[in-house]
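Quick one: structure below, then a few questions.
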Amino acid sequence: MTVAVVPGSFDPPTLGHVDVISRAVEVFDRVLIAVVANPSKTPLFSSAERIEMLTDICADWPNAEVDAFDGLLVEFARDRGAVVIVKGLRAVADFEYELQMAQMNQHLSGVQTVFLPTSPEHAYLSSSLVKEVARFGSSLEGLVPPVVATALKERFQ
Amino acid sequence: MTVAVVPGSFDPPTLGHVDVISRAVEVFDRVLIAVVANPSKTPLFSSAERIEMLTDICADWPNAEVDAFDGLLVEFARDRGAVVIVKGLRAVADFEYELQMAQMNQHLSGVQTVFLPTSPEHAYLSSSLVKEVARFGSSLEGLVPPVVATALKERFQ
Amino acid sequence: MTVAVVPGSFDPPTLGHVDVISRAVEVFDRVLIAVVANPSKTPLFSSAERIEMLTDICADWPNAEVDAFDGLLVEFARDRGAVVIVKGLRAVADFEYELQMAQMNQHLSGVQTVFLPTSPEHAYLSSSLVKEVARFGSSLEGLVPPVVATALKERFQ
Amino acid sequence: MTVAVVPGSFDPPTLGHVDVISRAVEVFDRVLIAVVANPSKTPLFSSAERIEMLTDICADWPNAEVDAFDGLLVEFARDRGAVVIVKGLRAVADFEYELQMAQMNQHLSGVQTVFLPTSPEHAYLSSSLVKEVARFGSSLEGLVPPVVATALKERFQ
Amino acid sequence: MTVAVVPGSFDPPTLGHVDVISRAVEVFDRVLIAVVANPSKTPLFSSAERIEMLTDICADWPNAEVDAFDGLLVEFARDRGAVVIVKGLRAVADFEYELQMAQMNQHLSGVQTVFLPTSPEHAYLSSSLVKEVARFGSSLEGLVPPVVATALKERFQ
Amino acid sequence: MTVAVVPGSFDPPTLGHVDVISRAVEVFDRVLIAVVANPSKTPLFSSAERIEMLTDICADWPNAEVDAFDGLLVEFARDRGAVVIVKGLRAVADFEYELQMAQMNQHLSGVQTVFLPTSPEHAYLSSSLVKEVARFGSSLEGLVPPVVATALKERFQ
């Protein structure tokens, strides 16, 4: 049984994240969504809030599970029996940084990384752009799942 | 059971190809190495020769199998029950072209593509560079598996 | 009145080309679609056939016109009173080559180039990929306009 | 009449910005230079100072106008009747980020973005590099217009 | 006699930096390693500590010398009689930024920049990744020289 | 004494090539311009003609020498006592391919590669673009040295 980890800040989850998770649950036996509990920038949503949104989003995928972690990703992956890290790729700039991280993680632990390309219609989505759109009160249609749209509207009221 | 296809011209297979296949057999239940029978440029080795070299290379991986195909890759993948195409990524230029192909293949068939980064020490390997090195009689040490080195030396004698 | 030239081989026109033309006719007063009569690779469709398909595609845009040219693009542009060349951009690799051409064209003639990004859902379309899909008899839905789909099917029967 | 918006922090304007504006006023009927009033990093010059410098720089272009804005760029553009956003492109890294913004802005509002390549001799100019050069008292010759050179020298005395 | 400057924050030096310095001492008559005394982010190690580590690392190269600088790099280079700046290149993203800096430095002073590619096995190393690995107590084997590993362990105890 | 090799097809030499050579002769003790005698595409100018043009161009640099070679570049470099290969870099696409070649050459022979960025005003020059301009009879001013302009005009009469 292949266990895969999908790490991220998910602050908040976008339809781009949902797209990557929906691909991962199709390809791997078990998918562990790993929320970075304390990202380097202060998050808009607490780790508990981000876990709750992701749990809601993944409700229909029985082989997906959501959890938070602190410290090195590869140690979390090994503790949970995961042999592969899954990252979405949107653009060339993503690729270079992610390649560097993948090679470092392989060096540190032997855990592999696989990259899943996002659908073209989600290529321009990022959590920070979505927060900026919400901050100015624009429509979040087509950018985030309903549960996240509601949370963003409450936060920026 | 997840079946993955690893397509390529493999004219000839390099240690970079071996690296990608060795990663795929670890992550997927069954791995089908799919040799492009008639690539756009006239190959140095016939499709039978390329299949034989790959079969030799994959001898120790019980979940790997080698076959040739003609026509659209996604139709071959569907015929064989594969849900995922696996491509190695060495560099940014690779990534852009492969992303375009992945999105086209998803559009045509719904078959997904996952990308596996090659080990840094294989990042500069390509079949065409290897053929040029062999043509001028330089050492193939660290570039191709022994069975390929032997075949290249015979070809360029 | 700003006259813009949209050059290309259009062998054949894809929905990506249509997307770029539809943006250009919105932004510029008059848009001249300039078909490269004799591209470096032998085209699948004659320049007359490509002009006919584009004329059909542009029928509803009164400020669009289709013509073929030979020789240097900047001379064609100056002859027709165009002050700007319009190029669609899909990817980073496109950008570098197009930037080089834009700087050369500015050096030769003072004619500027503006770049229009394609819609994300057309980012993976290219004339050569579309021809390969048609060659193997796959569906052209979502890749080319109906008039081009018909022409491709006839050509590859 | 095509109205175009050229947005930026312009903290301070460089000869690269001037190059892009000089191209835009040639191609579009009316050009609105839109100063980001409150950029994410604290600016060196107030928005009033940046507007004053740009107004001085644009004095000879009758179809250029300078204004500041807060909030989402696309709402400013729509309020002013602009159908197109103009961005200068210097390098590949610029392109990827700008493509993402262009696609988000199109999604939010239907306002298009066109990219103008900067002249090669301005490709290495950025406001932050220019400020660093001024901070250490080096010559600003060939980097910024005279009005900006004067302002920078006063600021770093 | 060609004097070359190898500038950097070196906070701390990695095996990637050592690789670049080892190439520079082979190609140039005299190599001056120039430590940025006050980088924009607060460094983990003081400039004295970084100079000490680099001096230890360079002990066997008689034509290498270590020093710190403040202000513009090109003025330091000219003061020391250096005609060339040496930068290591790991990835495309590095290249674009470094190209911009090289062109600015040439504009300001006429001092040239040459780029040395890092060995593929060091392509994923960066000072910030190394600090993160050390912070979480993972092995630093294959990432930094022994003197740096010792200093990092002491710092993060 | 550091001997450097500047390899290329030089079919024909452009002002971009001259720029790179002029930088190399400043940095290295002796510079060997190495003309690829039989490039993969049939050249416009014979290797004797290309050597003659380059010899004319380098007449004022006493430490430059021109020669042709066949076979592997690294063997030519070693035969001539060169420890370093010099390549000009114009763009990101160049960089990726050149990095791959540099790593292969280091693997095969230990000979290092250094990259020199071209001046921004030469970034769009390439031998193939220059030939296309000449073919259509446009001005070669600012693209090639006078000796090459004369040769191109004769060839395309």
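Per-chain residue numbering starts at 1, and chain names A, B, C, D, E and F are given in the order in which the chains are listed.
By definition in this document, a contact is a pair of C-beta atoms (placed from the backbone, for glycine too) under 8 Å apart; a residue touches a chain by one contact, two chains touch by 3 or more.
Model, not experiment: these values are computed from the prediction.
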{"item": "Shared interface partners, meaning chains that touch chain B and chain E", "value": "A, F"}
{"item": "Any chain in contact with chain E as well as chain F", "value": "B, D"}
{"item": "Equivalent-chain rotation between chain E and chain C, CA atoms, steps of 5 degrees", "value": "180"}
{"item": "Interface with more contacting C-beta pairs, comparing A-C to D-E", "value": "D-E"}
{"item": "Chain B-chain D separation of Cα centroids, rounded to whole Å", "value": "47"}
{"item": "Chain centre separation in whole Å, for chain D relative to chain A (CA means)", "value": "34"}
{"item": "Per-residue overlap in chain E, given as positions that touch at least 2 other chains", "value": "92-93, 96, 99, 103, 120, 123-124"}
{"item": "Inter-chain touch pairs (all)", "value": "A-B, A-C, A-D, A-E, B-C, B-E, B-F, C-D, C-F, D-E, D-F, E-F"}
{"item": "Chain E-facing residues of chain D, complex", "value": "90-93, 123-126, 129, 132-133, 136, 138-139, 142-143"}
{"item": "Footprint of chain B on chain E - complex, ascending", "value": "92, 120-124"}
{"item": "Residue ranges of chain C touching chain D (in the complex, touch as defined)", "value": "2, 23, 26-29, 83-84, 89, 92, 95-96, 99, 102-103, 106, 112-117, 119-120"}
{"item": "Of all residues in chain C, those that touch chain F in their complex", "value": "71-72, 75, 92-93, 96-97, 99-101, 103-104, 107-108"}
